[in-house]
Amino acid sequence: MSELQAGQGAALNISDAKSTRYRDVIIALIAFVVLALLPMLTSSKFLLDFVIRCSAYGLFATSLNLLVGYTGLTSFGHGMFFGLGAYGYGLIMQKTGVPIPVAFVATLLITFVFATVIGAICVRLKEIYFAFVTLAFQMLIHSTILSWVSFTGGDQGLRGGIPRPPFLGIDLSNHLHLYIFSCALLVIGLLLMRQIAQSPFGYTLRMIRDNATRASFVGIDVYRAKLTIFVLAALFASVGGMIMALFVSGAYPEFAYWTISGEGIFINMLGGVTTFLGPMVGTVLLLILNDTVTRLTEYHGIVLGIVILFFAIGLRKGLMDFVFEWYAQRRDAARERG
Amino acid sequence: MDLDALTGCLTTSACLVTQTTSGLIIGMLLFLVAVGLTLIFGVLKVVNFSHGAFYMFGAYFAMTTYQLSGSFALAMLAGAVGTAIIGLIFERGFMSRVYGRDVLMQLLVCYAFVLIFDDVVRMVWGPEFKSMGMPSAFQVMPLFIAGGVVPPYYLLLIGVALVAALVLGLGLARTRIGKVIRAAAHNPGMVSALGINTGLIYGGVFALGGGLAGLAGALAAPVRSLTPGMGFSVLIESFIVTVIGGMGSILGALVGALLIGLIRSFGSLGFPLFTEGLMYLFMVIVLVSRPSGLFGKEVA
Amino acid sequence: MLEIRDLAKSFGGVKATDNVSLDFADGSLTAVIGPNGAGKSTFFNLITGALRPDAGTIKLDGVDLAGRSPPEIVRHGIGRAFQVASIFPSLTVEETMLAAVGADLRRAGVLHRRFPLGETRDRAEQAMELLGLANKRRRTAATLSHGDQKLLDIALALVLDPKVLLLDEPTAGMGTEERWRMIDKVRELWERQKITVVFIEHDMDIVFKIAPEIVVLCYGRILAKGTPDAIRRNQDVIDAYLGTEHHAGAHA
């Protein structure tokens, strides 16, 4: 049995199923309104930038949780789709000058093709092979970006800025517009992923994580289900990459480097994968940690490494896992008293 | 793509010799790293994701020892022994706490050490590229074999790696410790039932694997530039080697490493922009046709 | 009707299943017995697609299923439970049932609706009632007792409405009393559901008491088949199996 599992043991009945969806939509709307009102309360560009970065990394990390936490697929190369999103979008905008929504859809299509091919090769592999072969593909994409200088700009990245022509009255070169746009993508993305997690397919994934052999004897095509979630997760990671490219108005090889995947895994560990929003919490924590450590020391790998060890060997679980367990214990205790 | 260069080379003996030797040294270095990876996996059932850092440490240890002592032999020894000690501490202190747990946890612990080790190197030796330089003993005229240029150091490197491979192979096959290690790989429970300290075996295997990677780094130091993070690409390539050869197989590691070495050296002529890609392509072909590798056991 | 013809499987020269031909009539209850290593589990694995046969046909109602994948075979109506309860540890009993029915209705890939689906409710409820798990519906499978986990495993096969149900040692790892309770349950299921049940069992007392039909496997071959009386009197069976194993088995 996996130590890291998402969404276990929630009580349920049919009428709940419908009302939880409304509840999720309402929570998402409230979250969006709060985020959208933030610029009225503060003029801190730093804070708004922080939220934009959280959107990019949060979508990426949550999509990784669909693989790691829900399906038990430990991908160590998920960051390739983040990089692919950033580069795909940046290149399309720089070379063709199509409207932004067209570039978005085109990038998703490219990601879809890549993820389908790579996933078809990888998802049939066992645990550790899967982890490393996905990592190997990430390195392949990274090294292709580095060596194909004429197309990708090599180690300099896509420079000279990515054009941001206005569309439908949205002008992404305006910082406020970019901020709202990122928040909207984040909220919509999270809502869609939540829907995946709570759908019948989401439970198919849980079955595969728990016991893939048994799942196949219940009539589930395990390979197909794994490939489907691999591709879906890649699409969300790609959106994260696109937000990043919009934000920095460029794309750099680091976006496709393996450390992005490593950070994604760590974010999941940090926030915990028992709850759907664990990775979001992890994202906020890691970005704060990164920003603080980078300001204090140039050796931020050492600090980050020690924090990871503290969580992996010391606590053995993420923060949201603790909160979740604490809440479950209190609820049980209350039930016993009642 | 430059297929003319490739066919041109394949038909000229001088170029053939030069490219083959360069392929062999890439292959031999990869073998030393990969064989440790595969040995650790075979016995401990974990993939040491921080294995590349041992290669890096080996190179830096060798460089510093050489600068201080001027002795090349001592530098090689320092590279191997120093990393073996780090390997032992790393296994006993940290990795041993995550055996039998999620692959994710093992990867995370290793990931943490990749970050830490890279920064330690940056702290001690600085972030810039370093070079150990060719030891004076090898600063002699290169050999000419069939018109191809072969630096004498390359021959030493290939020789040392071959000796290491032989010693390792024979040691595992013939000695008592070798038998215990092989038994531990098959059935850890049985070994502890025999009253043999599995902790010692595990630590020893990790030290051995780390030491081999360190030796590879030390051997590479005179011909490669040293930089923090230099181990990572080596790790990925060694992993590809073990996937091709079959996890846990020493012969597989040797064959896989030589194949990758040759693909890299000849591929760089024919497909200069896609040399890495060729390697991955080869891995994918092997994975799809023989999922357990060329020499791997069925369903590992 | 499940018709097996010339089914064969070898592992590196060892014939684990050696040209086995058998018919299981609709609604029959058959016990498969045989000494350890007789090839009983291999036989089940071949029928359910966990292993690919080297040769032979497995026809269910005229459709040859030999060599097809487990999901396909399950869809054609052959369900199975495992020797070691094979369940989904982090799902609750209820979730397990609902998700399994969903998979059977080909809803495993549905993305736009929420779990659980209304149309899965009744069948899941029935299966839980049938196996006596309804009052443990909110428990996660990992927290169930060994016996309940075995029941859940069977429920997981039964909830798919199979025509044929294969049970690999339903009483494995149980105490005497629990065994009888389990086997009564199996018999009750068979009588109520009117499906074909084939089960592997080591306890001869149980086999002779409840199985109308018995198949004896030995070294991958069918040594004998027939009613309990016929098997008891069969000299081959006595020589090869009962003579030595029966007494040893009685102590185990």
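When the chains are written out, they are named A, B and C in that same order, and each has its own residue count from 1.
Note that contacts are C-beta pairs under 8 Å (C-beta built on N, C-alpha and C of every residue); 3 or more make two chains touch, one makes a residue touch a chain.
Here the structure is a predicted model, which means the values were calculated and not measured.
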| item | value |
| --- | --- |
| Arrangement of touching chains [line / ring / star / complete / other] | line |
| Remotest chain, chain C as reference, centres from CA atoms | B |
| Central chain of the complex, centres being mean CA coordinates | A |
| Length of the line joining the C-alpha centres of chain A and chain B, rounded to whole Å | 33 |
| Distance between chain centroids, defined by C-alpha means - chain B, chain C (Å) | 49 |
| Centre distance in Å when chain A and chain C are each reduced to the mean of their C-alpha atoms | 42 |
| Interface residues, chain B side, partner chain A - complex | 41, 47, 94, 97-98, 101-105, 107-109, 111-116, 118-120, 122-123, 232-233, 236, 239-240, 243, 247, 273-274, 276-277, 280, 283-284, 287-288, 291, 300 |
| Residue numbers on chain A that touch chain C, as the complex places them | 1, 5, 8-9, 11-14, 17-18, 20-21, 195-196, 198-204, 206-207, 209-211, 213-222, 224-225, 228 |
| Touch list for chain C against partner chain A, complex | 48, 50, 69-71, 74-75, 79-80, 82, 86-92, 94-95, 98-100, 102-104, 107-118, 121, 138, 140, 142, 156-157, 160 |
| Complex contacts: residues of chain A adjacent to chain B | 2-4, 68, 74, 76, 121, 124-129, 131-133, 135-137, 139-140, 143-144, 147-148, 258, 262, 265-266, 269, 299-302, 304-306, 308-309, 311-313, 316 |
